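Next come two complexes, and both contain chain A; in the first it sits with chain B, in the second with chain C.
Presenting the complex of A and B:
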């Protein structure tokens, strides 16, 4: 590292990495909210489960943890579908308070279950690429971060193609835009609920895997703060807007890291909510709120 | 009708007599035991430490009971110790509930344990209301016994305070690391050491930072604190903070963090940011999980300690430390941590005080704890004695510094004691990859 620009670039990369985790979480939340109009406060627990599923398979198989995305995503989809079917569907439309308390209850249930299964000691695993660094514009960066950013982009492209090009994706978007209209057109909206919840949980599971391979520690209680950030992002980006979640995630990731660098780590969380307040004052529907999908 | 009345009368009299009998029995039967409440985080984020605290307390109580219990002169006999668990759930509110129950429902005679200064501070008012002797063996902020808003005259601090640990580590930096760097790189011997401090944004972290600055000022040390960076408790992403530290270019990075934070921080510093500096970890990190979690990235870093799973100071406590670790392993499996060690001692301190007081009366036990003079047990103490200062009721520890050296057999680093001179096993080493800071 030779000068100020290099440092800015390095902090920017850390911000993009943080943004990737936030984007995957926030898009999942947005999908669920867009289709079901449910606010799932337990969404961060899916991130945590994704991390532990990756850890477990890594411990058993010794596979490259990136490959374990093929385990964490489907398992989290399955868990998401099960939770939607058992917990949210019975109370859908019975009032927001019920949804809120169900999701808060799920936080404690999932955390405690994880603590029983994996204990509440912190865990950390090391990526097989951890010793490899590459030069990006003169800055040496661990290869893992490049892989994480590219993996996130690939997941987003896959999601875009699914939502735009497949019948199922189009049906989900239709349900998101007008639930009654979609029902009248013969779309099984309950199936759409289940699929959107599953995909939302799967995306959080992918975020959990990427969290683990980046060398961050994880415990059963790790999900709450990222979930709060994801909520801030979907409000900044606009409720239900996937482009909003992407832009919001990048803004928050960069803002947090530049805040740490300039005014100190104690401001990391405060800056997220400062941005949230500013956006709500000038654009109460969020940055992409009007063009919500 | 008359028969019904007679039956009811007999039943009534019987019930009264029965009630009387039980009350009488209870009066005759108590007190038969020394009840010690163990305040431990059995659930929540600090539960690893909490279990260690509880298990160590159980080991101490079992040992004392097996040796015949505690002699209480007033009762004219030995009583056994009964431990009562109070789970603070790793939260302030949980701690208040647990301590309130231990005191008002379980009627404990004294309390031990207490992890986290914030959690202990929150339930100190309950302890003060009932004047229960409390030997705090976890929390490290000196505020525990220094505060003036709550009466703390029944609270005894049997853990190094942040003043003690921060102070001793700073002296070590000046005494050992600074001369070694200056000699190795041909710097003038009076070149000040460049120190960066990364601290948890909590009373614990701020206490460490204050202690460093106070010690530098008080002893006029040649150390410049060139950067101070705080992070939120529980943080797991330190890359930007570390980039900021790298920009400051220190010789040494002093980290005041808990185990889960420290592991991630050092890993990210060496792996992601390429910070080729000497890292210093505070005493709560000397835990087997730290060595397994940090891997090679911990090599040559420094860890402050008072009770280590892998380094036993030679000398008077060596035998008792080995016995404690072996007994713990036999009973529970694995290693005890330092808060476990302090709690193990705290149970002995409590039992010793009851014997000295000759009574279970809380006021007399409190006075006896204040007058404790016991030989050190499994942690090295100043003057080889466990006693409490008359002003703030703090026991004083002999902390030591370990350097982590790679062990090919264990495939992990292992600590060797490098300071102070009376305990050291080997000299402090500056690794080849180390790069000193530049102006």
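Presenting the complex of A and C:
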């Protein structure tokens, strides 16, 4: 029986690792939604930009790619803040469809700008720890997966402390709970919009770096599938709920990898959608969703 | 623009559309551009029909492609003429529309957009999956009967007029639905769902109906394109195909019958114009930028441009 258990554990760890990237994307989306009540459909493009920023700095400096989180996160925060200021601020409150459609314009803009800058070839980076595996409970695991899982946990703890303990974090939470109330308390809600968009983009940038170091290929068009999965996660977990995003991310990562193992790799992307539909049929507000609106 | 002026505009456009081939002649390249433009006018109008109920789909490629596959397969299985298969094959799109609509009608805009966005990608993975590629041909796709076998200028001209007739029919159907009680119900649901419900309108029923109609005619457009090209591949489910009708409708003007028509023509001209400058990625960047600028500065689309200019002039007079 140990053989079976080994495989379950192995696939489980793969699932956790895949879940990490989805969680980082989904939490960013949820943070932005919480504060601004906007869903950024171009969020996958931030992941892609994070991957290419890491790639570029790696090519220039040759540093350990994990260290390049220091580059990808701040750069993506800057990009996020700029996009919020130029594209979303002018149309905020003019209708939800407009906010959805503007992100489509952004998808075109960002994807093809990336294709001009970096060409649309498939790219890949090899992590320095690529060949190292360590044994946990008798299962051999790539060291990279463990580092990625630990890095994600650290980022999540950092985010938690930021939202709970700092003045800025508290102001952001207040804005997401009640925008008008926050305004009356003297919180600059537009500044909160900008910061939340920046942090969301930064988290996606971190996901991009982790995507690259795990040895997955990337192109300028890679963002849409992970973004779709992040949407599935926040629907499963509930729009605006950060614990929901974490649970949803883990569920999806695990389900996907067990699906690959049982019914075949082609269904990897379909399974997330099937889970999504099942959740929507039985609980239209998601597992942790507070209310329909 | 008052509704009446807009209607005259549509009639005028129709006359121009009827006469255009006289100018173009039998030039196959230009006729092909015009045919694809007509197909996309149908597709964008079908997409835009959904927005009347306040719903927006980011995955209409699913319906466009399913109509294409449905029609191509039915035409070859029953050896039907493509012009008949188009209307039966689009039933596949309508079924999918009913299914996804049933899940989505109770959802808020965000959820709806996300689910539809995912839906097109998932349909693509299913079409190429091992389980279905026996029927669909996997990534290689399958051949489809040509609308007018043989090709050549004259055949393309016949195709052009046939699709023009279908396009006019589709827009007239939309017009009839929208001026009926159903159209009023759509507007009520869009403006205030709670009040609509209080007035005895069942939003779920009307949204589902809008989804069904929109999916069906998107399927018709997809089927026409597939039979025009003579083949279909899973690329038809690409994000691009989902986004084009959105770009066309927004640039023209959402929630108007003329909007998608004007938008499709204007953007096609820009797009093909840019091609002559040899831009590849640049074209997409310009279109993306254009879309963002239109949403911010001209939210009612190009058809509101005359109004905006008049407003501006009046202001300057004062």
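Heads up, the rule we're going with is that the second predicted complex is superposed on the first by the 288 of 293 C-alpha atoms of A that agree within 3 Å, B and C clash if a C-alpha of one lies under 4 Å from a C-alpha of the other, contacts with A are read in each partner's own complex, and residues count from 1 in each chain.
The criterion applied here is as follows: a contact is a pair of C-beta atoms (placed from the backbone, for glycine too) under 8 Å apart; a residue touches a chain by one contact, two chains touch by 3 or more.
Note that the structure is predicted; figures quoted are calculated from it, not measured.
Superposition of the two complexes onto chain A shows a clash between chain B and chain C.
By the document's definition of touching, both partners, chain B and chain C, reach A:225. Shared-chain residue A:11: touches chain B; no touch with chain C. In the superposition on chain A, contact of A:121 is made with chain B only, not with chain C. Using the contact criterion defined above for the overlaid structures, shared-chain residue A:215 touches chain B, although it does not reach chain C. In the superposed pair of complexes, A:264 makes contact with chain B and with chain C alike. When the two complexes are overlaid on their common chain A, residue A:105 makes contact with chain C while staying clear of chain B.
Contacts of A:142 after superposition on the shared chain: chain B is touched, whereas chain C is not.
Chain A residues in contact with chain B (one complex) as well as with chain C (other complex) are 115, 225, 264, 266, 269. For chain C in complex with chain A, the touching residues are 51, 54, 56, 58, 103, 106-111, 113-115, 117-119, 121-122, 125-126, 128-131, 239, 243, 246-247, 250, 254, 281-282, 284-285, 287-292, 295-296, 299. Residues 43-45, 47-48, 201, 229-232, 234-237, 239-241, 243-244, 246-247, 259-261, 263-264, 267-268, 271-274, 289, 293, 295 of chain B are the ones touching chain A in the complex.
Remark: chain A residues 1, 7, 10-11, 14-15, 17-18, 115, 119-122, 124, 126, 130-131, 133, 140-142, 145, 215-219, 221-222, 225, 257-258, 260-261, 264-266, 268-269 touch chain B in the complex. Residues 33, 39, 41, 87, 90-91, 94, 96-98, 100-102, 104-113, 115-116, 224-225, 228, 231-232, 235, 239, 264, 266-267, 269-270, 272-273, 276-277, 280-281, 284, 292-293 of chain A touch chain C in their complex.
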